[in-house]
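Structure in structure tokens, see below.
Lettered A, B, C, D and E in written order, each chain numbered from 1.
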Amino acid sequence: MDTKRTTFNNRLLPYMLLAPQLAITLVFFIWPAAQAVKSSFEREDPFGFSTVFVGLTHYRRLFEDPNYLDALWRTAVFAVSVTILSMMLGLAFAAAVNRLTRSARIYTTLLVWPYAVAPVVAGVLWWFLFNTSTGLLPFFLERIGIRWDHDLNGTHAMILIIIAAAWKQISYNFLFFLAGLQSVPQSLIEAAAIDGSGPVRRFFTISLPLLSPTTFFLFIINVNYTMFDTFPIVDATTGGGPAQATTTLVYKVYQDGYVGLNIGSSSAQSVLLMLIVMLLTFVQFRFVERRVQY
Amino acid sequence: MAGIHISEVSKVYTGGVKAVSSVSIDIADGEFIVLVGPSGCGKSTLLRMVAGLEAISAGEVKIAGRVVNEVEPAERDIAMVFQNYALYPHMTVYNNLAYGLKNRGTPKAEIDARVAEAARMLEITQYLERKPRALSGGQRQRVAMGRAIVRKPAAFLFDEPLSNLDAKLRVSMRGEIKRLQRRLGTTSIYVTHDQLEAMTLADRLVVLNGGEIEQIGAPLEVYHAPASTFVASFIGSPAMNLVKGELHGDKLAIGPAMISLNGFAPTSGAVTVGVRAEDLRIARDDEEALPFRLEYTEELGAQRLIHGTVGDQQITAAVSPEIAISAEMRIAVDARRLHFFSLDTGKRLPGNVPAEAKLAPVEPVL
Amino acid sequence: MAGIHISEVSKVYTGGVKAVSSVSIDIADGEFIVLVGPSGCGKSTLLRMVAGLEAISAGEVKIAGRVVNEVEPAERDIAMVFQNYALYPHMTVYNNLAYGLKNRGTPKAEIDARVAEAARMLEITQYLERKPRALSGGQRQRVAMGRAIVRKPAAFLFDEPLSNLDAKLRVSMRGEIKRLQRRLGTTSIYVTHDQLEAMTLADRLVVLNGGEIEQIGAPLEVYHAPASTFVASFIGSPAMNLVKGELHGDKLAIGPAMISLNGFAPTSGAVTVGVRAEDLRIARDDEEALPFRLEYTEELGAQRLIHGTVGDQQITAAVSPEIAISAEMRIAVDARRLHFFSLDTGKRLPGNVPAEAKLAPVEPVL
Amino acid sequence: ATEVTWWHAMGGELGKKLEEIAQKFNESQSDYKVVPVYKGSYPETLTAAIAAFRAGQQPAIVQVFEVGTGTMMAAKGAVYPVYKLMADEGEPFDTKTFLAPVTGYYSDTKGNILSLPFNSSTPIMYYNKDIFKKAGLDPEVAPKTWKEVEEFSKKIVSSGAAKCGLTSAWITWVQTENLSALHDKPFGTLQNGFGGVKSEFTFNGPLQVKHWANLKKWQDEGLFKYGGPVGGDQAATMFYSQECAITMNSSAGRAGVINNAKNFTPGFAPLPYYDDEIKEPKNSIIGGATLWVLNGKDKATYKGVAKFFSYLSKPDVQADWHQFTGYLPITNAAYELGQKQGYYEKNPGSDIAIKQITRGTPSENSKGVRFGNFTQVRTIIDEEFQALLANKKDAKQSLDSAVQRGNALLREFEAANSN
Amino acid sequence: MVENRPFLTFLTHAFLILGFLVVALPVYVAIMASTHDVSTLMSGPVPLLPGSHFIENYSTILTSAAAAHGLPNYSHMALNSLIMALTITAGKIAISILSAFAIVYFRFPFRLLAFWIIFVTLMLPVEVRIMPTYKIVADLGMLNSWAGLTVPLIASATATFLFRQFFMTVPDELLEAARVDGAGPMKFFRDILLPLSRTNIGALCVILFIYGWVQYLWPLLVTTDPGYYTLMMGMKRMVTAQDGVIEWQLVMAGSVLAMLPPILVVIFMQRLFIRGLTETEK
């Protein structure tokens, strides 16, 4: 990781500067995470009266539990769909807005709303919209012959949370992509235009590759978002159902730990979740970042 | 037939900046035109209107006989080389060169052949697989040239293509561009604010100032008969000395000094007098001359520039380093080498025909 | 006493790049030293070690007699002007100038006085309340100079301070820097890769190549007696012609041609022969000369450069535009104006004393 | 004044009412101050309390929903049993003054009440009189048996009076737990779990299979619409929007029904039963939440808790809460007070829940269900029911699977609470 | 715009307008729903046109609704939300700009480790470590305090990362000029770096303000004093009415009002926001 050509020589100062952030991280992140690791090897009653070391039991159970394995796969589907959907739409909007000069600001203003909507509220809004009996969308879907029923139809439920989660993230992606597009040197676009490349082709062969650092950053943020921050949305729209069809890993952690009070198993799941995200981030840094450099 | 005809072209930017005013230039097929002028004079704007990157506010641009005002850049059959090269950073050199051809659906085999040819011509064959960031400035510049060449366009447009290079490289790339253009015979418009580049490259120079043409002409024509004080001070290094003078019949008074013009006075009254540094020399004792007070010298090796004042006006003379100089000297000038400009308009005075062509003929080469 | 003494200084970057190897330079108080050399030769590294911005790997730097290897930049009593000016973009010009003084706790009244003085000297008084982005390139450059001046440091360090300016402005700023330094008498180290800048500014030139000193000397000394082919080709424009030749007694064979040296041959055998473009001329018919095949010409106005080949070697000559030229010519050279270098090392051959000082004395001015 | 913190899960207007009660208690004396704190949903409140207990920051009183009862009872070290508290503090506390099913559910094997019933409920049936009329049914006659429910629904749907006949909240609580209790069928071994942590589920008997199969069949015929998992929010909505003519839900849903039934008249009735399975249905079982006292507070606080609990049990306080919310009156006295006030006459249907839960003599099977990890078990039951409706399994398979998965959770609970 | 293609421009507008309609739909529905009474909402699809209960619903939510749900009054909750969002924003910016400064402008042992430790915070959201975190906050005696509400949320990988990216683009020469001018690290930070980071700080303020504004799980856990109620907690309480009547019209009106401040922040700061990001990316 690079620094500046010249740096300050102070020995103590950098540690002092880092101290607040590191202290908070260690106390409120690393330490609890370590606690989670510890309790993932234990069986404990909720109140903590008795604690027994059980080794890898929780982990073994998880990997024997078809529900967990399903949730793993489902989370992947969910994360990929939400990330792709919200990034593609965000990018498409950004590309469109970037074409315009005069009206760009108005559209930007119009498109950034969802970002300001709290996940809890977003969940409620989509719940409301897709409510099978009073919702607007099922009402229209019925007219085109689709009986919407996310209470029983797992696919519908999945679509619902994907839409709701993606919707929430479009604006964020849009803003970053717009900023990214605006920093693509104009001369490259002009060179490509002279090279006979139309707006669409130019977008795919020039702008998009040049956006790769932004894309990379957003990819990490989005995967992270879908992995964790979508919890309130799932909770408010489908509650993980039907028949766990929308139970993602983080929702399962919540279900088992928060609702089920199964601390050991839920800790083991947290630990696995952290490992997955770290692995993903690591892989992204190792392989993707290398390719986004040019 | 790929002449370019620019007639009465103007550009007003939204916001009201008038960047180019009624510019007309006829460029013959194969001609190398250089647009030169100070920063902000509208060179890039004019070039970009020819390229189609900027809408034309008024007037008409024709390429190869076709009015292209409404034609998209891609269809104008031109290629452009940008100041910062505008190489696609994520593509290899090969792909940078091939991109324009691919976009036009050129068959793979032909792309390969053309890229190979251009690369050979520019000696960048061994870098074809590299990305631009792994190239030096000069190599990047060549790639930018290559990208223009492979397309075999009707015209090349250059926007200060050398200004990112260091002095040494600039000189050698300048030679390369010139030779290449001669060889390919492609009509070219070249923008620069470096007068030396302009002089050495141009078949014809267009000197722009404030969005208007000050002068069009062959480089030496412009050098030897600048149409205005602006051109006079812009073309040639060191810049032409411009001092205030007064014509009294056949005599020219500069400050307290007075010299005879031997019949070369175009008019009378107050004028701006121009004289190039190399046209000044240290006077023989018996000569009519200007009193010169030396301020400082610059040693260029082959030449010595002496900077000083005549009366209260700054004058620079270029002399041989072998000639002895001192703080107070007398400086002589050949009256035929003087340029006279109107004090008001800065335009060359009508009667002031340049000294008979000093140019010895050059036998055509290549 | 603010001489700077650089002795045996080396720099090895983490990663093993040896950027500077055992460089020693003694700089007298008030002297103007220019470090010149191609990109990457270690000029900036050396300068930055003097400034204290880069740790010194080996050797010693003394400023005003004090070893400063471990001293913070702020305490070295130096000021630095950067290539991109490094003006604080969010501060007004006034604050840019005042910042260094404020940091040193200079009283407000004195800051005001010093800033006013520097601003007057540099003619930027009317811009004091502007922010840098509202200034033109030349004005920014002046502010950067001003920031150095107000501090009244023991030494100025310049890292290519003019390379962001256009050619015209570069020439005039060059003059200003020179005059200013003369006036303030401050010891200066100036980095550039522009040989013309180096020639015109330096009291003494230091030519660097690959982290090592190729030559130290007064500009004209370096120009007329380059210590190596590297220096020869680097200093002077157009670059000195360097061709392969063979010395047979008093005769020099270049390709098929052969000329007499009139006793100036320093050695015998294969050598690299150097000759400046201005030392070549079109031969009289009765003269011993080299056969020259013209390739192309460049018109510089006062001069014409003719580029061509002698045998299979590239040669450029500078001739008067008034002399007729043709595709095949004969070119003569004065044997005293030839430079001989070792074929292996590129070093000037020992016997090759330069032609007796062509330099006429300059009476001291200012 | 000594502060007594009380964590609760009563959002909305119920929360407001609850706070009003605390407020009135505070005004009624000056030694203690009850501070109610809303802590989110039931599970959120329970988890918060547990987390707080582990951190030594627990409230004195916490409201725990009935499915958390197993968890609380198992946590002996954390809980200060109410009967003991009241005895220690010398507050009058007579088990007999409480409604029998309430006492039955919240007592240990020795009959001691461990937590104070506060908002207890039981499911009843709600129907839409207007739709009944439109379908040519007598709006004053609610279906008594499941057979009638089926018949009525058919009529309603075929006459076009409504899109669906029946929906239901709480498939777990209403259509499985209460179904078992009403028909005197065991839900699990060891007295439905009252006998200890070693119990196992048995709710995959023929009755439950038959009922689930029926629901599935009715769904296929368009008579029944699924109201969603857990509390089944959609059920209420479908009932309010007159999409479904009948719904079954907690008695506490009454306020909502009255509030939202702006365009129709609602009717109230006991839950239906299979008359070929049982002649006299047993009592329905309890839901809602109780107040648990947590260990680790000082004497003064417990004194305050005891005083407050006495206050809460006062007939007028109880009756007020009961009448406002639709929850059961916990004590006989409160019920009687209501009768005396003529409340039940003025509000027809408001005593159906009480009557239903107090009818007959409770059997082992109708005392209620008490299991560990029961929240998750309910989730499993929901999931299996969804699998049934989604044609993935038949009734038998889904109930078998629910029992099997539930038992695994019971064993886990047993392990966690026995070492 | 390089070429002038009216049809493409038309398509662009059409696409954006369509996109806006889709994106705005839920918000639009919420606004419409907030103008009807509850029985309209509960008896069929939400009307797409405004109803007549606008004033009633909004005045209820602003005056009596909160009290009716046992909440502190609306302005109190709004103020709390504001305090929390602003504290988190300020805290996050302060500590991450300092960390980024340390990481970029100093070379010291364990620099990489420090960076990774900070980065890890991105991967450990409150939900998966809530119990142990709660315990620590309790042990530190930070329950029921602004500190407990905000400090644990203040570590920020995103902000540190973005500041780092930005600092990398600040020309080296500025640092060098400042050093020659006699500025030490903190002086450089205060006089040069901080003013230069203005737009970035602006951009981050938007992101972080919203992050702080929408928190509800954490405040719910660590506070027991209704004095700390925020709008999000209030909304949540209105929605999860156990057995009670959910007054959707009020929930929607409340949601709309709760959305307003962040939306205003986003709209007013968007220019700055994009500029801040653009400069980061360069």
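Basically, contacts are C-beta pairs under 8 Å (C-beta built on N, C-alpha and C of every residue); 3 or more make two chains touch, one makes a residue touch a chain.
As the structure is a computational prediction, the values presented were derived from the model and not from experiment.
Engineer: Would you kindly say which chain has the C-alpha centre located farthest from the C-alpha centre of chain C?
Structural biologist: Most remote chain from chain C, centroid-wise, comes out as D.
Engineer: Based on the averaged CA atom positions, which chain is farthest from chain B?
Structural biologist: D
Engineer: Just the number, please: Cα centre separation of chain B and chain C in whole Å.
Structural biologist: Centre-to-centre distance between chain B and chain C: 26 Å.
Engineer: At what distance in angstrom does the C-alpha mean of chain C lie from that of chain A?
Structural biologist: It comes to 57 Å between the two C-alpha centres.
Engineer: Measuring from the mean C-alpha position of chain B to the mean C-alpha position of chain D, what distance in angstrom results?
Structural biologist: That pair's centroid distance is 92 Å.
Engineer: Could you grab the centroid distance between chain D and chain E? Build each centroid from C-alpha atoms only and quote it in angstrom.
Structural biologist: 39
Engineer: Where in chain C do residues touch at least two different other chains?
Structural biologist: Residues 48, 53 of chain C each touch two or more of the other chains.
Engineer: Mind pulling the residue numbers of chain D that touch at least two other chains?
Structural biologist: 44, 47, 54, 237, 241
Engineer: What are the residue numbers in chain E that touch two or more other chains?
Structural biologist: 2-3, 42-44, 130-131, 135, 176, 179, 236, 239
Engineer: If we count contacts the way the header does, which residues on chain D are in touch with chain E in the complex?
Structural biologist: Residue list for chain D touching chain E: 5, 7, 9-16, 18-19, 35-42, 44, 47-48, 51-52, 54-57, 59, 119, 121, 237, 240-242, 250, 252-253, 255-256, 259-260, 262-263, 288, 325-327.
Engineer: In their complex, what parts of chain E are in touch with chain C?
Structural biologist: For this pair, the touching residues of chain E are 171, 173-174, 176-183, 187, 191-192, 195-196, 198.
Engineer: Quick check: in the complex, which residue numbers of chain E touch chain D?
Structural biologist: On the chain E side, the touching residues are 38-39, 42-44, 67-70, 130-131, 134-135, 138-139, 143, 220-221, 224-226, 236-247.
Engineer: Which residues of chain C touch chain B once you look at their complex with the stated criterion?
Structural biologist: Of all residues in chain C, those touching chain B are 38-39, 163, 166-168, 171, 175, 178-179, 182, 193-196, 199-200, 219-220, 223-224, 234-239, 276, 278, 294-302, 307, 318, 321-327, 358-363, 365-366.
Engineer: Please output the residues of chain B touching chain A within their complex, sorted ascending.
Structural biologist: 51-53, 72-75, 78-80, 82-84, 86, 88-91, 99-100, 103-104, 131, 133, 147, 151
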